[in-house]
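Structures follow.
Two complexes, one shared chain (chain A), two partners (chain B, chain C).
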Partner chain A sequence: MGFPILSSLILLPLLGAIFIFFSKSKSNAHLTSKYLALFVSFSNFILSLYLWHLFDPSIAEFQFLEEQSWIKGFVNYKVGIDGISILFIILTAFIAPLCIVSVNSTVKYRLKDFLVAILVMESLMIGVFCSLDLVIFYLFFEGGLIPMFLIIGIWGGERRVYSAFKFFLYTLLGSVLMLVAIISIYWITGSTDITYLYNLGIDAKYQYLLWLAFFSSFAVKTPMWPVHTWLPDAHVEAPTAGSVLLAAILLKMAGYGFIRFSVGLFPIASEYFIPLIYILSLIAIIYTSLVALMQEDMKKLIAYSSVAHMGFVTLGIFTFTQQGLEGSIFQMISHGLVSAALFLSVGVVYERMHTRLISNYGGLVSIMPKYAIVLMVFTLGAVGLPGTSGFIGEFLILIGAFKKSFLVAAIASIGVILSAAYMLWLYKRVVFGEIKKDEIKKMPDLNRAEIFILSLLVLPIIFFGFYPEPLLSTTEISIENLIEMYNTNINLNLVEK
Partner chain B sequence: MINLNFIYSEIFLCLAIMLFLLIGVFKKNSSYLIYNLSILSLFGCLALIFSFPINISVELFNNSYKIDYLSTYMKILLILSGIFVLLSSSKYIQIIKINKIEYPILILSSVVGMMVMISSNDLILFYIGLELQSLSLYVLASFNRDNILSSESGLKYFVLSALSSGLLLYGCSLIYGFSGSTNFNLISENMNQNSYGVTFGVVFIITGLAFKISAVPFHMWAPDVYEGSPTSVTIFFAILPKIAALAVFIRILYVPFLNIIDQWQIIIVFLSIASMLFGAIAAIGQKNLKRLIAYSSIGHMGYALAGLSTGTNLGIQSSITYISIYLFMNLAFFCCLFMLRRDEKYFENIEDLSGLSKNHPILSFSLLIVLFSLAGIPPLVGFFAKFYIFTAVVEQSMYSLAIIGLLSTVIAAFYYLRIIKVIYFDPEKEIYEKNHSIGLKISLAFSTIFILFYFIYPSPLIEIIEKINII
Partner chain C sequence: MEFEYLIIFLPLVGAIISGFFGKFLGSRNSEILTSLFVSISSIFSFLIFYKVFNEGYINNLDIFTWINSGSFNVNWSIKVDALSSVMLVVVTLVSSVVHIYSIGYMSHDPHKQRFMSYLSLFTFSMLMLVTSDNFLQLFFGWEGVGLCSYFLIGFWFKKESANAAAIKAFVVNRVGDFGFALGIFLIFYLFGTVNYVEVFELVPKSLDVNLNFLGLNFNAINLICILLFIGAMGKSAQIFLHTWLPDAMEGPTPVSALIHAATMVTAGVFLVVRCSPIYEYSPLALNIITIVGMSTAFFAATIALAQDDIKKIIAYSTCSQLGYMFFAAGVGAYNVAMFHLFTHAFFKALLFLGSGSIIHSFKDEQNINLMGGVWKKLPYTWLLMIIGTLALTGFPFLSGFYSKDAIIEFAYLRGNTVGYFAAGIGVFTALLTSIYSWRLMFKTFHGDYNNKNLNISSMHESPMVMIIPLIILAIGAIFSGFLFKDLFIGIESSSNFWKNSIFFLEPLSQDHPPSWFILLTPILVILSIPTAYYIFVKNIKITHEIVNGNLPLYNFLKNKWYFDELYNYLFVNTSKKDRLIFLEKNRFKIY
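Showing the complex of A and B:
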């Protein structure tokens, strides 16, 4: 066992947060804390890239394993990654510095606390993606509630208190059942170690209830219809950096959870509940797309579009095909980039106009041409136009779905059209048309920092749109392994019957 | 000749109490001195406990007094919390002018009573200990004589507590009548499965004990007494009697009455569920922090009882872990309350916390940690407390208890969040004073660090408690 690179990834932002929290704040100290936070999160990003470099995609097993006795004889601290989790870690490490850069204009007060919250959030989320023990996973998964609650509640908009409470209580309610399930797994099998459980397999008769308990947690977090209502509120009220974190990473924790736990641990139950997932996903895709069409608030529209996109993700996961699962992961990464970019873009105009209502905008193209261009890229990314990363994900998911069921895939395809409708209509109303208000004329175009952040997002969206290979090849073997494990379990179960 | 050296710690405290009384009589203005001496004497008592091997198990005085790992652990816990309580409240009692010599002496005598309770292996001795601690507590509750709320709470506590003691005594007499002995070991031997008299006796005893730990439906006194008593007494109420009562609960249920577990298990489960739900729901509407923490402590006792209801060693251990962790959370919470002082006045309403985070970042952060921990959010220590409890509960396949318990944590999270909202999201108010006694700072720092960083190395506490094997 060499250098504990995963633990360093988890600990580094945490140490940075502690350091910033205890540093004395002078008049200009906020700048120092900001640079420090940026430095910490950026070095974390470099470290994660280095991890990707070291990572061997041809091995199906978990790599970079670290194991440490924690609660003696009960739970071990165990982390490790495979081709699925590494991408999420890199995404997290990539988004966090962007959030920190973006606080410049969006966070007006208590900057230091905000940076602490973001860094703590980062370390918890990286922890979620690399923990290989159910209890450790739960710890990171739930721990994220605390900083996010504060981010929404302290720096949010007008209805921040309501949204923060809703976010917290919804997710907590979903998760407590998962805790019961985790404890039950411990008593059924004698371990909460995921690799051990993968090999052992859980008795089919327990799987259904356990699956439902995990589902209750992930469904809230994904969010799936009908428990998605916290998301628009939380997104709308959170400050820009908070929305970015929520959309780009927090939602992915549930998708990741579905792949790692629901499919990995309870294959038989997953097979059994496929219809449920399909129905909920299709409702999410169609219904929330229609809801998104009617939104007047930009952030709310993007929030609803997130629900629809995550509907594609859950659909893809439960096709249990190579394409479907790869597509889901790709879609999650892509959505992480695109939604982060869209929220940052909304943040840009919100800073200038202090309104998010679509009707207040119009005609930005002549005032802010650069902004219009980047927003175009992001809109097309959200629509899933070929050449952007959004396309690859949706396309793969639909291929996977067609293999399973024509009807489901056909209905899901309608969602693609709807997403084009609401996104392009949003773009049209904001960017084109007449200039209705005089204030718009005074709006300056993107400044250098904004161009820098947004172009950092434009690059991967287009790059992965044309050349998805790096991501796909990283996940390929792990997914093959997962599907193989799934199929053997299903066949075994059939034989037993 | 009985080996007296095993109870040196109790004897030492009794002698200290008498000595302090003498000092108080002969020396003018000695309250400050006696207060500090009391803290020292608790340290001495702790040292005496540690001077004996911890693993011994002896029964003294015709098997009526038991020193074993459980009693030793609970006593250490008790005295530690006694020390912290005294350390943190020294300035408070000066400012609200209840720094009489009797105050620390009453606390010490109550501690002696609790130590007797914890070690008792006989119904009579148990009752003596219980009354010693209760009588001291009645006086302590009404110690702030000029305050009408304090007097009311003392009286209320006295009347209700006397009633519950009566029930308890009646239960004891029934047990004696049907088993022919007051000694726990002998009761256990003579226990008859099918005797209604024994069942009634057990129910009465459980009632009396449930009153002491304020489990629903015997909780009515708690909110008023918590609110009315001086805060320095409330913190005492919130921690020490619960430790002692839980120890006795374990001893009584699992030594004499283990054979009839079918008959009392369902009662404990009911007490537990009722307390968890009631504590969570009733606290939502509260405005006074002390009152709110009273309801919250009702809920927390529900979780401790859930562990107790399992009938396994693991369940007992989880309950003891819970109370050990709960102690530090409560301690930290009250330390924060002691810091809300402005112009010689203490503030105890939720609205007084408004915008606290602006001017008191460290204090607010401690409160934040404590409240999230009380709500049971990982990775704070409160989560582990609940986690151990539910591990034990699920082991016995009591899923409904586990699910109700966890759902009530979600309800309870709401009111903890409400306080956090006031601290962090609301507009700021005037600054509170920042000069606090060093003891208070130490207590707060210690408990906050424990709450925050327990997750890094959770094994030691488990390993210590794992050695408690009653069954």
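Showing the complex of A and C:
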């Protein structure tokens, strides 16, 4: 075993956080700690790119394995990655520094603690994506709640306490069942090691309950209809950086969980529950799109659109086709970029106007032309226009869904019409039209830092729209392997019956 | 370096430079640069076109991989064959003419760079659409032109109506795209590829595949054809999905000429012709196309009779002519459809740009009741509009005469009920076309001067930068039919030209309809000119009497068959009712 690169990725932000936490506050310490946090998270991003460089996409097994026994015979610290998880690690490492750069006047007090929360969050999220042991996974997964809870509860808007508790309770309640399931798995098999469990296979009769327990946790986090109601509230109250982390990374843990655990560990139950997932996904796509159409608060609108986009993800995963699964992963990465970009864009005007109500805006194009251009790109990404990353994911998912059911694909495609309607209408009301308020006339266009952050998001959204190959080829073999494993299990089960 | 790269990417480069660096370049330089780039692209397109009909040149370039997921592989590509070379010429020629015209037309606008950038970006998307070698890149171009159309319709962003029209255009088109996308899914599901050549090879082997949908059995090939046609209906503004096109006239007039007359709206026709190897195996879909095409041709022409907005009349006329193209394709005469697409691009762009010149002179007045009597004041515009109108109505020996009459003849020769019916509708619509076109001409240029806001002495001809593009188009409107009729629809020469790009299961009929039938349309068209002059100029009372005598019918036409009202009632209002339900969502909240 060489250099423990995965553990370094997990620990580096944590060490940075500890260092910042214990450094003395002085009058100008704010800026110093911001630069320090930025330095740490940026180094982590470089490290994650290096990891991608070292990663061998042609083998299906887990790579960069590290194993330490922790509680003997029960819990091992075991991490490793394959083509499915590596992209999420890079996404996390990419979004975190952007969040730190974007932190400015909106966080009025305890900036240092805010940075610590972001860095801890980064650590835990990377941990989620490379854990290969159920207990470790659970710890990272639930640990991620705490910094997010604090970010909303301390630095949020007026109703922050309500939203923070709602967020916490919803996600925790789901997860308790997952913990029970993890313990039962240990009772049944005597291990919580994922690679071991993959090879062993869990007896079909246990799978259904275990699947439901995991599902209850992932469904809340995704979020799937009808347990999505915490998300709009959390987004509305969270500060910009919090919303970005929430939408770009936190939601992806559940999608990742579905692929790694629900499909990987319980293939027979996954097959059995396909109708449930399809129905909930379709409701998420159609219903929340309609709800998004009616929103008057920008952040709520984008939050609902997130639910709709994640509906595509769950649909794609449970097609169990190469296109559907690759599309789902691509859609999650793309949504990570686009939703981060949209929340940052809302943050830009919120800082200037201190309102999120759509009706207070209008006519921005002549006052903030640069802003109008970048927001257009992000809007198109959310609409899923060909040439943006949003298209590739949705299209592959729909192709995969079509193989399963014409009807499901047809209904999901209606969501594509609706997304055009709500996003373009939002854009029109904010950017076009007559200027309604005098305050708008005084709004300055994007400053250099904002241009910098937003163009860092514009580039990958367009680049991967035209050339998604780097991402698709990274995931290809691992997904092939997953589908093969799934099919073998299903066939075995049929034979046994 | 192949020409193809220059043709396609020069407009993109122009769009990027003018869009991002327009501020540094200045408006005049941006205008010259984008116009120059598109013009160069146009010259090379003519070169390619020449090579295609002279040496039978074909080419299929792969640029790089786009999507590669499992068995799903798509490349960015440039495919040149007879069909795409025709489209290349149409698109780049009209585009360069419109670029130059816009220098004059938009001279008072503060956002010239942005405008030129959009025009060039549109041209690029349209070129990607026509040169694709697979359905997905076609879809890319399809959405790309829709997006540019959205930008350009809403170009005057302060106008509420322009914004609404832009969104309407995009969303209605997406309804069509919904069908189109499902068609692509089905193609991939059935054939495992979306590449034209591969799909077309597999079609004859899959004729008997049936699909079960909601308990009903569908023939897969029929279903593919119908789904793709739904996409074509949206883009080409066919009946039921046409409502966005008249509203799209909110955009600047050069946009209407380029996008909503000559190029983008013909993409649907192009799609059907490109897919002729599939459609030939689906008589059902072809019949549907014929019926939709002739219904659109007829209904749009009737609406055009009663409109007062000069641009809306021409917009409905476009709708109607697109209907002609579709029923040509529907009766299996794909090459005739392409021929009409080709000639239509010239005369319709000419009419739009001409009307732009009129609107420019009347200081943004578009109501033809408030014009009149100015033909001596605007002599060039008047003459050029006359040429455009003659070509559109199919006056003998101008371009529309060759293409439109060919459509009607081939419909007749189809020999089945739908064909005879289409031919009959075609003749009658030709008469309507002639009446509404001359109504527009006479009300605009002849009779009394009716504008109270402007003094007639302040009328002046548009600048040369606007007139010269019109002259180029007028040359096309006069000669394109006569010069290219053998190449496009001649019995032997045309199959030498089209080769594999158009597929005929059975060769087109080589008979001729009876001579009374051939003469019918031109005679009606010629007779309609003095009639229209009598009704609309000499004796206006008759017009009023006709209107008052048939008031319900007039209102029905004036209100465009109440399509907008119906859709508002069905979709917009219901969604407003739902709004209450969604706002009451708090009831479902779980604390």
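The criterion applied here is as follows: the second predicted complex is superposed on the first by the 496 of 497 C-alpha atoms of A that agree within 3 Å, B and C clash if a C-alpha of one lies under 4 Å from a C-alpha of the other, contacts with A are read in each partner's own complex, and residues count from 1 in each chain.
Note that a residue touches a chain if its C-beta (ideal position, glycine included) is under 8 Å from a C-beta of that chain, and two chains touch if they have at least 3 such contacts.
Treat the numbers as computed from the prediction; the structure is a model and nothing was measured.
Novice: So, does A:284 touch the first partner chain B, the second partner chain C, both, or neither?
Specialist: neither
Novice: Once the shared chain is lined up, is A:161 touching chain B (first), chain C (second), both, or neither of them?
Specialist: first
Novice: Quick check for you: in the superposed arrangement, does A:358 touch first (chain B), second (chain C), both or neither?
Specialist: Neither partner.
Novice: Does the superposition put A:433 against chain B (first), chain C (second), both, or neither?
Specialist: In the superposed model, A:433 contacts chain C only, not chain B.
Novice: Taking the superposition as given, does A:468 touch the first partner, chain B, the second, chain C, both, or neither?
Specialist: So A:468 only meets chain C here.
Novice: Which residues of chain A are in contact with chain B in one complex and with chain C in the other?
Specialist: Common interface on chain A, chain B vs chain C: nothing in common.
Novice: Which positions of chain A touch chain B when the two form their complex?
Specialist: Chain A residues touching chain B: 21, 69-72, 74, 113, 135, 138-140, 142-143, 145-146, 149-150, 153-154, 160-161, 164-165, 168-169, 172-173, 176-177, 179-180, 183-184, 186-187.
Novice: Which residues, counting only chain A, touch chain C once they are in their complex?
Specialist: 166, 226, 229, 290-291, 293-294, 321-323, 326-327, 363, 365, 380, 385-387, 392, 395-396, 398-399, 402-403, 406-407, 409-410, 413-414, 416-417, 420-421, 424-425, 428, 431-434, 466-469, 472-473, 476, 480
Novice: Of all residues in chain B, which touch chain A in the complex?
Specialist: Touch list, chain B to chain A: 357, 361, 365, 372, 377-379, 383, 387, 390-391, 394-395, 399, 402-403, 406-407, 409-410, 413-414, 417, 420-421, 424-425, 455, 458-459, 462-463.
Novice: Which residues of chain C touch chain A once you look at their complex with the stated criterion?
Specialist: 64-72, 76, 136, 139-140, 143-144, 147, 150, 154, 157-158, 160, 163, 166-167, 170-171, 174-175, 177-178, 181-182, 185-186, 188-189, 211, 213-214, 575, 578-579, 582-583, 585, 588-591
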